[in-house]
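The two complexes that follow have subunit A in common; it is paired with subunit B in the first and with subunit C in the second.
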Partner chain A sequence: MKTPRERLSINAYLVFFLVHTVQIGLGIVGVQRVIFVEARQDAWIAVLLSGLWIHLVVFVICQTLKQTEHDNIFSLHTFVYGRVFGWMVNAAVVVYFLMAYTSILLGYVEMALTWMYPDFPLWGGALILVVLTVYALYGGGFRLVAGVSFITFFMAIWIVVVVFQPLKYAEWIHLLPIFEATPKQMANGVLKTAYTMLGFEVLYIIYPFVKEKERAHRYAQLGVLLTTFLVAVVTVIAIAFFSPKQLEVTIWASLSMFTIVKFPFIERFEYVVIPLWLLVILPNLLMFMWAMTRGGKALFHVKQKYLLFVFGPMSFFVAILFKRRATINEFIDQVGWYGFWLSFVYPFILYMLVKYKAWMREKKQ
Partner chain B sequence: MKWLLMFTLLLSGCVQPRVLERQGIITAAGFDKEGKQYKGASVMLSFQTTGSSMSEVIEATDVTSKGVRQDLEAQTSHDLGSGQIRVAVYGKELAEKEGIYPLTDTLQRDANIGSLVYLAVGDPSAVDIIKSKKTEDTPDIGTYLYRLIEKNAKTESVLAATLHEFIAHYYDVGKDPTLPCLTLRDGKPIIQHVALFKGDRYVGRASLDESFYIKLLASGRNVGIKDVPLLVDDISPLIVKKRGKKVNIVLNEIRTKRNITLVQQKPTPRFQASIEIESEILETSTKLKPITKDNVHILERAIEKQMKKEVERVLHKLKSYKTDPIGFGQIYDHSVRKLQLTPKQWDKLYQDTQIDVDVNVSILRTGTID
Partner chain C sequence: MWFTKKNRVDDVAKLLAHSPDFMCRRIRCQGKIVNVLFLSNLINHDHLQQNVLAFIHEQKHVSIDELARCLPIGAIRICETEKEMASAIRDGWAVISIEQEKRVLAVNIAEKVERSLEKAETESLVLGPKISFTESIDTNIRILRQNITDKHLVTEKVEIGERNKLEVRVVYIQDIADETNVQTVKQRLSELRIDEVIDSSVLAQLLDDHAYTIFPQYLLTELPDRLAYSLMKGRIGIFVDRSPTVIVCPTTFFSFFETTEDIYLRWTMSTILRAVRMLGIFASIFLSPLYVAVITYHYEVIPSALLLTIGESRSRVPFPPVIEALFLEFMIELLREAGARLPTKVGQTMGIVGGIVLGQAAVDAGFTSNVLIIIVALSALGSFTAPSYEMGATIRILRFPIILLAALWGLIGIFIGVSLLLIHLLKLTSLGRPYLSPVYPFRFADIKYSLIRLPIKFYGERPKTNRPKNSRRFSWREAMKRKDLDE
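Moving on to the complex of A and B:
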């Protein structure tokens, strides 16, 4: 595959926004409970460990891609596994993106319905989001994704300031004693952060589009750093704010914390946050849909634009299969688990395979 | 593409509109149990097209608490909206016999309701308090109760009583919630006591005087004014003319620091609770000699002695009610490694817990006169 044309490429600093905004999404709204169940009051340490791990993974991903500079994950797979087997692995990656996309779609719609519009149908919400993604990508393309993540980052980052308001009710004693979790609990905790931290694997696909490739790595690391920091902060605050058993039953801990926030001009801040959160998940939706069609292009050799009309309806129909909170939850867990192996573990294997293949080819010549 | 967009715009009309004049906004709700019947009342605020608002109390009785809600709905032409509920009052009998958690669960689950709703106990009945017409200058009883509790929780000795805190303490092992206890005086709701809970059950009440210490130890937050009766003998060098046995000093707390640590775990838990109060004198019941640098410590020591005595009495009372609003159990749980304290374990340990109290009072100011 050739390096994309100049017209389509992006500046390296945009990688920071792309990686960060695709990581932050639905997970951060309710991640606290999920990790807390595993690692108890040391949940925030699990987040930091997971962050460290991701820094390493990002390094490995960039090392893998550096070898050829114009390859993405799909062409690498064909190179490593051969045509037939590579096609199947690529299909699996596309299915992963489809699942990730659908889980965000479902999660957000479900949240909006629970908090704001209980009598609005789920399919209606899902349809709006799918149409929005298809419309945006049909007219835009990759550069639009980069632009959207840049703008939405600044439109949403100010919410961080408000997160500190619940500290008025914080009981710091909940964080003690530190380091009580056993290694096994901690490992499970790290595993459970996966869904929230996922997204950095799109580096595999956006890397060829970056103009200054040598600087892409640095910006990707910075994006991951900010994500880890934010997730760790909301986790610490939630542990202090809720009592242990209360946190275990709170689905959207971050949102529930916002019910404390009160301004003289707006009494219920969560009603601002939920619509605003659409801006936070929009880069996720666009990025995953774009990655999906990019994979589809490698699979079927069809223009990306046309694939939008295949994958869009497909995720819509998958989404409307779900009705209950419990099944949606299970689905999101599944995506997290699948994503964990693909993004936290697989990059190391792929790196070694690519190295080995390249070495073999050299030897042959 | 244009058609799709149009369609999306049309879809937004699917959400049910809420017309302000058709809404009955609930600002306060009360629940009671009488025999086997649940009794509920809520204050409904409705807006008229003429511009003024009107508040009305609706009441219902049913055998289940959920049935009460349905009955309430059947009594009004307005759509009852719970998003503006400020205060939920629970009858003492209900809180004592059944516990109020199942009822607070409804508030918590409803995304329309914020976490800053105040909870309170109505003694003897919650419905009577909701039905009270005396609301000072506020338009309805809900707003009045809200402001009453808010003020007293912020600056006086009532412990904060928001839904969030009640639920958090209910779930916390080794910490029990407290709520303000509302009573009617001449038909006007006032806070006379603080209701002590064990889990979600009312077990007893503490006077506001006792509540001063509970709040002090539990949160270290603003506790307001405290009247300390001192023995004349303790401060004899300061007395001008001896009359009676006691002298009352009213202190206004300026800054408080409290620190509770677990000093010994086995065989029985032992805590060291130290309180440092910086205060000013507001009032003395008899005339004292001018308080100067040299004799202020006499007064301080006497106050410390008295406070220590009172704290120990309060702690003893709490133990006899088997309730732990200060959260010694919580401190125990979080100080000991590898321990998942269960409520049952703590119940047992709590009775044998020893608490050493150390009070340190400093008088910073004595008002405009010495």
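Moving on to the complex of A and C:
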């Protein structure tokens, strides 16, 4: 694949925002319960461990991409596996992006409907988000994705300040005893964190678009660092704020904490946060849809803007297949599972394969 | 008036559509017949008599070359064809032809009608120069030249309009303005194929990157100091004859919220004023949608004490909030439009009648709530703080779709609106340059030019958004140098 033109490329610092905003999405709203069930009061350690793991993964991803500088994951796959098998692996990656996109869509719509609009149909919400994505990317392209993630980051980051308000009611004793979780529990905890932390794998696709490639790695690491920090903070606060029994049954722990936040002119703060969260998931939606069309272009050699009208409706129809909370949850767990293998484990394998292939080719010459 | 038989004068008359004010003064001088042709409505008659007719009469030897050498008139030109002659006459020139000579001499004795220089009205300032541009391009260029004495100032002439010719001047500072921008402007101007252009605002629409957006992509200003400031920062101005506003390009979204007054005031003051303006604009777009969303869907958000007040004031209102809001917004728009169309004196009375009487009566009749009146009035005020009239109008229109979104889906509807707006603004360009700069692409050094102000010593570099060829204004290192206490 050719190097994108100068006009389309982005500055390295934007990688920070892209990686961070694509990581932060729905997961952070309700991750606490999921990890807590596995690792109990040591949940936050699981978050930190998974963060460390991601730092390593990001390092490996950047090392892989550095080999050629202009390749993305799709062209690397063709290089490593050959045309036919590579095509199949690429198709699997595109399907994963489609699933990730749909899961974010569904998760957000479901949350909004449950909290604010019990009577609104799920398909309506899904349709609105799909139309929004297609409108944005049609004629927008990658620079728009980067712009949206940059601006929405600043529009939403102030919520972090508010998170500290529930600390008044924190019982720090809930965090003790530390290091009680068995290695198996901890491993399960790390696995469950995966869905929340996913998204950094788009680095495989955005890397060729970065102007100063040598600095991209640094910014990607910083983005991951901020994500890990934020997830760890909300986890610690949730563990301290809720009693263990309560936390086990609180699906959207972060939102539930916001219910006690009060301003002189706003009574129920979570009613502000949920609409605002649209801005948080918007970069995710755009990023995954863009990655999908980018992959589709590699697969079918069709223009990305036409692929929007294929993948958009496709994810919409997948989304409306789901009716109940339970099935949506299962779906999200599935995506987390695939994502775990693709983003936490696979980069190491790909790195070795690319190294091996490059070495083979060099030997031939 | 004498017409010679079947000669060039007749042909010229035909080209001028036998205009009744076309005149031919025939002088017999040194045995030669001299014709002076002109349109009597367009010329300065004193000029004609003293400097042309009397002068020719006193000549000993009359020939075109001789006249071209001696005539006491600044602008002269030699023409050969009838077409050239006719077009010169149409511009208010007089054409002197001598029989038996093929070439003729055109001299400029035009007298153009124009109003005198006045104070700026649409962009009025408290501090700073008050003069504004007029409808004459010559006067405007003169004002600009008085404002900028830089030797690199370029005023390039382009003619557009295939039927109704119009003089357009592209002005920029040669060693500051970005070459690509200048080329883009010139190329777009030369590619225009249109019969006529009425005003610079029409030209701005013709030069647009995006025809379907409601956001203006070029700044129109009537202030010479604002134009001079923009040029010196690397932008390009487009003068259009017969138009008192100048196009400034490329323009960013935030430059519509700047005034030159921000520069004249001290930096603390202008930073605060800019913040007030931004807040005003923000409130103007989102206050009434928020009211609609919150009252229709999520009254839980309002603290109980405030909810009581709102509920009380809404108790007699029989409509859903969205109808109420649209009704009041429509009323305010009506007032504004009526005020803009009416003569000034009547307009003031109407403001009072509309604002006070209608508003009070609407509340008393139970059509709207007091709270909404406050909100709508505030948002109307907010929209008027936009220094650019075009942007103000855009913001007022922008409110309506967001009210509808709020009525449909509550707060999420508003945020869908915000997302759409954000995406739309990110897609926009002006002259191919990003519209949302310096926020995205983020240029930290330019924030001080658009969102806030800092003390003058920080402005050593021209804004990067305009891609100036030469960005250095003064050495800020020297300006920032700290002196010891008693040096």
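What we mean here is this: the second predicted complex is superposed on the first by the 365 of 365 C-alpha atoms of A that agree within 3 Å, B and C clash if a C-alpha of one lies under 4 Å from a C-alpha of the other, contacts with A are read in each partner's own complex, and residues count from 1 in each chain.
Throughout what follows, a residue touches a chain if its C-beta (ideal position, glycine included) is under 8 Å from a C-beta of that chain, and two chains touch if they have at least 3 such contacts.
The structure displayed is predicted, hence computed values, not measured ones.
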item: Which superposed partner A:260 touches (first subunit B, second subunit C, both, neither); value: first
item: First (subunit B), second (subunit C), both or neither touched by A:119; value: first
item: Partner chain(s) touched by A:224 [first = subunit B, second = subunit C, both, neither]; value: neither
item: Which superposed partner A:203 touches (first subunit B, second subunit C, both, neither); value: neither
item: Touching partner for A:176 - first (subunit B), second (subunit C), both, neither; value: first
item: Which superposed partner A:11 touches (first subunit B, second subunit C, both, neither); value: second
item: First (subunit B), second (subunit C), both or neither touched by A:278; value: second
item: Touching partner for A:100 - first (subunit B), second (subunit C), both, neither; value: neither
item: Which superposed partner A:150 touches (first subunit B, second subunit C, both, neither); value: second
item: Subunit A positions touched by subunit B in one structure and by subunit C in the second; value: 116-117, 120, 128, 132, 135, 262, 267-268
item: Complex contact set, residues of subunit A against subunit C; value: 11, 13, 112, 116-117, 120, 128, 132, 135-136, 139-140, 144, 147-148, 150-152, 262, 264-268, 271-272, 274-276, 278-279, 282
item: Parts of subunit C lying in touch with subunit A, wherever the complex brings them together; value: 297-298, 300-304, 306, 409-412, 414-416, 418-420, 422-423, 426-427, 436, 439-442
item: Parts of subunit A lying in touch with subunit B, wherever the complex brings them together; value: 41, 114-117, 119-121, 124, 127-128, 131-132, 135, 138, 169, 171, 173-174, 176-177, 180, 241-246, 256, 259-260, 262, 267-268
item: Touching residues on subunit B, where the partner in the complex is subunit A; value: 1, 4-5, 7-8, 11, 14-16, 83, 111, 114-116, 164-165, 167-169, 171-173, 175, 327, 330-331, 334-338
